[in-house]
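Below, each structure is written out as structure tokens.
What follows is subunit A paired twice: with subunit B in the first complex and subunit C in the second.
Showing the complex of A and B:
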């Protein structure tokens, strides 16, 4: 009996690992294809796509595509711009959205539920549908700059950042998480003399690591992958983000696939680094969804 | 330290009134316990004193100052919650010092006061642990430590012992009693456990449906309950109630009888007792004793529970009514056995019949 049960367990484990390996392969192969292709000249790259060689570092391997890609486009500037725009948006978004959620969950104010209802309704509106009116607004918004009041936000970092700081989904995520925090902790803090800001900073924030990580990753991916909006509001090369930069490689009849792959490999690195740094918290947040602690 | 005075305090949620005009005086240094059945409003009332619930009407004074609109953080109170409510991401030391940190106390002051609280509560060895590494009793100590370290004007306890097992509950009850004596602080305590209420309080407030039924010293409530609700709520097992007829009344004494109760003169000082007609006789199970003959009540034993130090006998009377007798001895009774019960007429209670007695 013991042997049978042990065999069963071994088989079950083997099946489980086989499935997980398959899933991992499905997710890893495109990345592997991209990285390997970035090391090959175009003619070999296209030939290899018909076989498993596409995923292997074989044939004429070099870093030439990287050199060519750096010559074709100011990649460093694009990556820096994306990291800046994404980083600032994520930081402000976490602060603003979590504070908004704090207010929805812990403060009593007139019209709170109605406002939250409207906020939820914004989920169903795709950003693309509001980009044109948003663009018109951006072109006429004032700003206090170094030279006094300026009009128009086009061609600026702020046009890429500010419209995306607050969003319904992030606020909703925070609201759901905050609702599950024991209310007595908040009440105990109030009785102990803490004001709302202190409660937010000293109690709620430290207990909400997983939801901060989740909101950060989702916002990071959304911002880093932005293409249409920066294409519309930014014309100057020195503030363009990475996705718009992809246009430098595709607007010709003959697409330099090796350079495209090299460019994609470079711009994938920040995303992977960011995700891996928050992976543990992200998984625990996803795992705790719907489970009351 | 401060006194707490509630004047016609009311609380409504929309059209639902949960506290219906409560007047309570809690003297400086007093230990007042709110008791009552679930939903009677005792916790709501405590939370209103804490500032965690708005006050819909009336006034609440702490230390001579009306605090209806004063934030919880400004009231100078400390509260111990049923669920402990200690911060899981902080060590015991940080938890206990939380209020002091917020108040901007110096490091030396915090260390001194935390050490003092830890000594009083015997938790010096726990200071660097996190709440996850503590037992329920230890967590409750931390919660109490956090409350005493700030020397608040009023301590509020919201069923602080109900999550603990029986042995720990007894320990903590004794500790809270000692703490009150040593600090001399004003304490307001909510519980549904009448043993806690009777042993800790110097004044008990019995609540039902958002109203005060009676407020007084524990023994006053036990011996002279003003109505059937208080009589039934205070004391365990609950007081027995029997329908009787008033034969005649002479001042504070009334002769009563029924089919199962032999005629006797009962104290009749409560309002509403008629000079003739129906009334309710109340006798505590502890006041009943078995007699060989001539007992006021007679019936048969339904069930007897031997608890060692006492025996609780469930007796069915001739008319089908049931009474409990709690005898301070270990004695064997057989089911179906005939039994006669007597009691001291002076310890009987007479209530008007039209007054509801149900705890809920």
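Showing the complex of A and C:
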């Protein structure tokens, strides 16, 4: 009887690993295709797409596409710009959105529920629909620069960062997570005389690692993948982000696919590195809040 | 005091002209990442202009072509257009109509002797001028035509529809090639109206009725257009040409590797053919399908934005560029067609006896610009979809009728586009 039970357990384990392996393969294959294709000349790359060779480092393999891609576009500048814009936005977003959520969950103020309702309603408005009025606004906003007051935010980092610091989804994520925190801790701290800032800083933040990781990853992906907005507000090459840079690899008729794959492989590295560094907390948060990107 | 003034004057005299106060002009250029000599030549042109005079200093900002038109649209919305715009010829009327651009105000005597394609004219005024043009030809090998007993056509006596169909049939029957004809179906976007609307025009149809530009009725779905559509569909049904699923790599090398017998391709792809086939290479005129042989025309051009504070400076830059020296330099660097015969004579490819000389003659004899209307940018997309659908087996008359409806609705929505 014990032997049968052990066999069943083994079988279940095998099936589970088989399914997980299949899922992993499905997710990994596009990345593998991209990386392998980046090593092949265009003609071979396109020919290989019809077979499993597309996922293997076979045939005429070299790093020539990488050299050509670096010659074609200032990739380092684009990656640096994207990392800068994304990093600053993520940092400010975590602070602003978590504080807003803290206020929705723990503070009592008039109109709180109504404001939260409006915030939730913003979920249904795609960013693209507000880009045109936002662009007009950006072109008229003042800023204090080196030469005094300037008008217009176009062609600046701040035009790429500030509109995306606060967003409904991040605040909603924080609200959902904060609601599950033990209220006794907060109430006890209040009784002990702690102020709201101290409670936020010393109690809520340390207990909310997973939701910070989740919000950071979602915001990172959104910002790093931005195309239309920077295309509209940035004209100077030296502050252009990676996704607009992808346009350097297509002209009217031809696409150098090997170089495109090399470029995509390069710009995927920061995304993977960021995700892997926060993966454990992200999974923990998804498990606890039931929200994923 | 006088000594100080004299010293200042002496110092000023020692400075190069370009170092003195120049008014800045912004120039937007579409070719970032183009990986050819064009971008370098545009930069050289700007540098030489800046050094050649003391009034203006052009500052160039390059954009990837994929994003360029959208960036210009956004900048127009925000009131941030540059002084000098780079514009694709068929798009120019739309930008002029939308008031992104203003008339060049250039002395048209300076455009005498130009090919027709590089002059961007809208509502009777010149808005843009190009430094080069492009042309397409039926590219093949003399030995192929001789082998199958096919006449070598000339500019004066291009293939007729019957001759062209017979040629394709003979080659197909031989079984020597995967396909007799490569149309470049793997290339999408502007290639379709640029390369294929001339076939429609040669049948007697067009994308839109050019007499009024108020409707496509009759032009795109009349008898001539339906005849074109049926012929177009037959190319794919008979296995004469690969369809929309054509591999992009085959498009690049199919002719050179013997997959295709004839390729409908541009002058920019001609040099590898000359290198591969030598004297056996042939670049033939478009066939005459009944209403005369036609090829497309107009490439990227320079114009002045409507919001420029210094149109005279922008004009000065464009006039500086309109010299044979630059036409030849761009042609030698990029392989594109110089816009005057005198410049062509100075190029390595288009000079008399040069390997691509025939393309200049084709441009001169057969070129027709795409419909000169602000609605073209919509019409081009509608036309592209219709041709792809017909190639994939859609009913010809129904597809063309639907395309006409879409184009007419767009024209009505935009109140006739100012014609």
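Following the convention adopted for this analysis, the second predicted complex is superposed on the first by the 288 of 293 C-alpha atoms of A that agree within 3 Å, B and C clash if a C-alpha of one lies under 4 Å from a C-alpha of the other, contacts with A are read in each partner's own complex, and residues count from 1 in each chain.
Everything that follows uses one rule, which is that a contact is a pair of C-beta atoms (placed from the backbone, for glycine too) under 8 Å apart; a residue touches a chain by one contact, two chains touch by 3 or more.
Note that the structure is predicted; figures quoted are calculated from it, not measured.
Asker: State whether subunit B and subunit C clash or fit side by side on subunit A once the two structures are superposed.
Answerer: Fit: subunit B and subunit C sit side by side once superposed on subunit A.
Asker: Taking the superposition on A as described, I'd like to know which of subunit B and subunit C A:207 touches: first, second, both or neither.
Answerer: first
Asker: Name the contact category of A:142: first (subunit B only), second (subunit C only), both, or neither.
Answerer: A:142 contacts neither subunit B nor subunit C.
Asker: Tell me the contact category for A:10 with respect to subunit B and subunit C: first, second, both or neither.
Answerer: In the superposition, A:10 contacts neither subunit B nor subunit C.
Asker: In the superposed arrangement, does A:185 touch subunit B (first), subunit C (second), both or neither?
Answerer: So A:185 only meets subunit B here.
Asker: Answer with first, second, both or neither: which of subunit B and subunit C does A:46 touch in the superposed model?
Answerer: Once the two structures are laid over each other on A, A:46 reaches subunit C alone.
Asker: Identify which of subunit B and subunit C touches the larger number of residues of subunit A.
Answerer: Here the partner covering more residues of subunit A is C.
Asker: Touching A:244, do we find subunit B (first), subunit C (second), both, or neither?
Answerer: In the superposed model, A:244 contacts subunit C only, not subunit B.
Asker: Scan A:195 for contacts with subunit B and subunit C and give back first, second, both or neither.
Answerer: First partner only.
Asker: I'd like to know which partner A:236 touches here: subunit B for first, subunit C for second, both or neither.
Answerer: second
Asker: Just to confirm the value: shortest Cα separation between subunit B and subunit C in the superposed three-chain model, in whole Å.
Answerer: So the smallest C-alpha to C-alpha spacing between these two chains is 50 Å.
Asker: Note which residues of subunit A are touching subunit B in the complex, please.
Answerer: Within the complex, subunit A contacts subunit B at residues 182, 184-185, 187-195, 198, 203, 206-207.
Asker: Would you pull the subunit A residues touching subunit C in the complex into a rising list?
Answerer: Answer in residue numbers: 42-43, 46-47, 68, 71-73, 132, 135-136, 138-139, 152, 154-155, 228, 231-233, 235-237, 244-257.
Asker: Along subunit B, where are the residues that touch subunit A in the complex?
Answerer: Subunit B residues touching subunit A: 50-52, 71-75, 77-79, 81, 83-89, 98-99, 102-103, 143, 146, 150, 156.
Asker: Would you tell me which residues of subunit C are touching subunit A in their complex?
Answerer: For subunit C paired with subunit A, touching residues are 28, 31-35, 61-67, 70-71, 74-75, 77-80, 187, 189-191, 247-249, 252-253.
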